[in-house]
Amino acid sequence: MAIPELQQQLREFVAERDWQRYQTPKNLVMALTGEVGELTEIFQWLTSDESASVMNTPERAEHVRDEIADVLAYLLRLCDVLGFDPEAALAEKMTKNAAKYPVPVQLPESSV
Amino acid sequence: MAIPELQQQLREFVAERDWQRYQTPKNLVMALTGEVGELTEIFQWLTSDESASVMNTPERAEHVRDEIADVLAYLLRLCDVLGFDPEAALAEKMTKNAAKYPVPVQLPESSV
Amino acid sequence: MAIPELQQQLREFVAERDWQRYQTPKNLVMALTGEVGELTEIFQWLTSDESASVMNTPERAEHVRDEIADVLAYLLRLCDVLGFDPEAALAEKMTKNAAKYPVPVQLPESSV
Amino acid sequence: MAIPELQQQLREFVAERDWQRYQTPKNLVMALTGEVGELTEIFQWLTSDESASVMNTPERAEHVRDEIADVLAYLLRLCDVLGFDPEAALAEKMTKNAAKYPVPVQLPESSV
């Protein structure tokens, strides 16, 4: 499934519950913050190594998946309410980032 | 484009710059926080009404798109490093949410 | 009570539970994020007007006080672990901010 | 200096610039998020060990102090606008935490 279909599903979910009036861009940014906070709480006392094996514990894995799903849901809702395509925004940003952080030039072996 | 292709592009971008060693799940969660913070700064002094028309100013619109792209990029990287599909996680979470927040029963008009 | 005494109490609380090893600066920054996320969740769907009367509901007021206390606790712990005085840091920052945002010159009425 | 004096200074700073109308509780919570995001960006790619020596680099130390000062400033403003004393809130929360996380019973040596 592509991003527009996910957004369509979320839009219907919100409309069925009459939640549109709460989902202003400002409020959605705050909801995003709340979910990132919950995600952060899973990782805050883990070492970086422990964080890399967090999916090995089924209960913790489900918790991580749920929180990331919540972050993604609010992010997609925010783009939908603001009226732009997050995939296009990401493509443009990656072009900017590629210019900002050029790949180190790799000299061909023969030139060394 | 679907999410796996976006993740593939991001994976290559990171690999070309040899940034994998920095991108532990713990660090990526922090990077996500940083980008959500930048997004929040755009909206913090706006009223909810002003936030709804933020895309009408071209410069501000580009800023919003860029910050949301950064949030999405780190979110997709995090899922990639943790080894799960965010779309599947979102579908599962929406099923849980539908059970948690049932749609109010709509009585047919004739029954009133 | 001044800030150093609050930090002393927090230091003892942590030491009695042998939590020092978890409280690296990096981890404390994440803990701060988690608590700010919880605080944000209280305010995310409120209008700005509703947010201004949040302390009128006793249950909500206690929730706000608790979350702000948690944010303050981790902030004071972070300064303690990093070894600097937050009050001095705030005084220096206010001097910088006063230079960055000068007070608008108020002409005396007679000069208008 | 105690917390009420710091709040008094911040209150004057805001009043001189006529910023009160922007500083609703909801907006101040977002401003807090933005500053925690900036603080997080300093630490996100550091290991926990590197984070513990972040104050050894003068430029980085100043950056950390500035961002923590900003977090503290918005936190104190938020308490001021909401009309409660953060120190009292912290004392109450520590009492709750002490009950929630009791100190492990230390058996006297003779009983071992």
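Labels for the chains are A, B, C and D, by order of writing; each one numbers its residues from 1.
The rule is short, and it goes like this: a contact is a pair of C-beta atoms (placed from the backbone, for glycine too) under 8 Å apart; a residue touches a chain by one contact, two chains touch by 3 or more.
Everything numeric here is computed off the predicted structure, so don't read it as measured data.
Colleague: Looking only at C-beta pairs in contact, point me to the busier pair out of A-B and A-D.
Modeller: So, comparing the two chain pairs, more contacts are at A-B.
Colleague: Give, as an integer number of Å, the spacing between the C-alpha centres of chain D and chain A.
Modeller: Here chain A and chain D have centroids separated by 27 Å.
Colleague: Measuring centre to centre with CA averages, how many angstrom lie between chain A and chain B?
Modeller: Those two chain centres are 3 Å apart.
Colleague: Would you mind listing the residues of chain A that make contact with two or more other chains?
Modeller: In chain A, residues 26-27, 29-30, 33, 36, 40, 43, 47-48 touch at least two other chains, as defined above.
Colleague: Classify the inter-chain contact topology: is it line, ring, star, complete, or other?
Modeller: complete
Colleague: Mind pulling up the chain D residues that touch chain A in the complex?
Modeller: 26, 29-30, 33, 47-48
Colleague: Quick check on the complex: what are the chain D residues that touch chain C?
Modeller: 1-3, 6, 9-10, 13, 16-17, 24-27, 29-30, 32-33, 36, 39-40, 43, 46-49, 51-52, 54-55, 61, 64-66, 68-73, 75, 78-79, 81-84, 86-87, 89-90, 92-94, 96-98, 101, 103-104
Colleague: Which bits of chain C are touching chain A when the two form their complex?
Modeller: Residues in contact with chain A: 22, 27, 30-31, 33-38, 40-41, 43-45.
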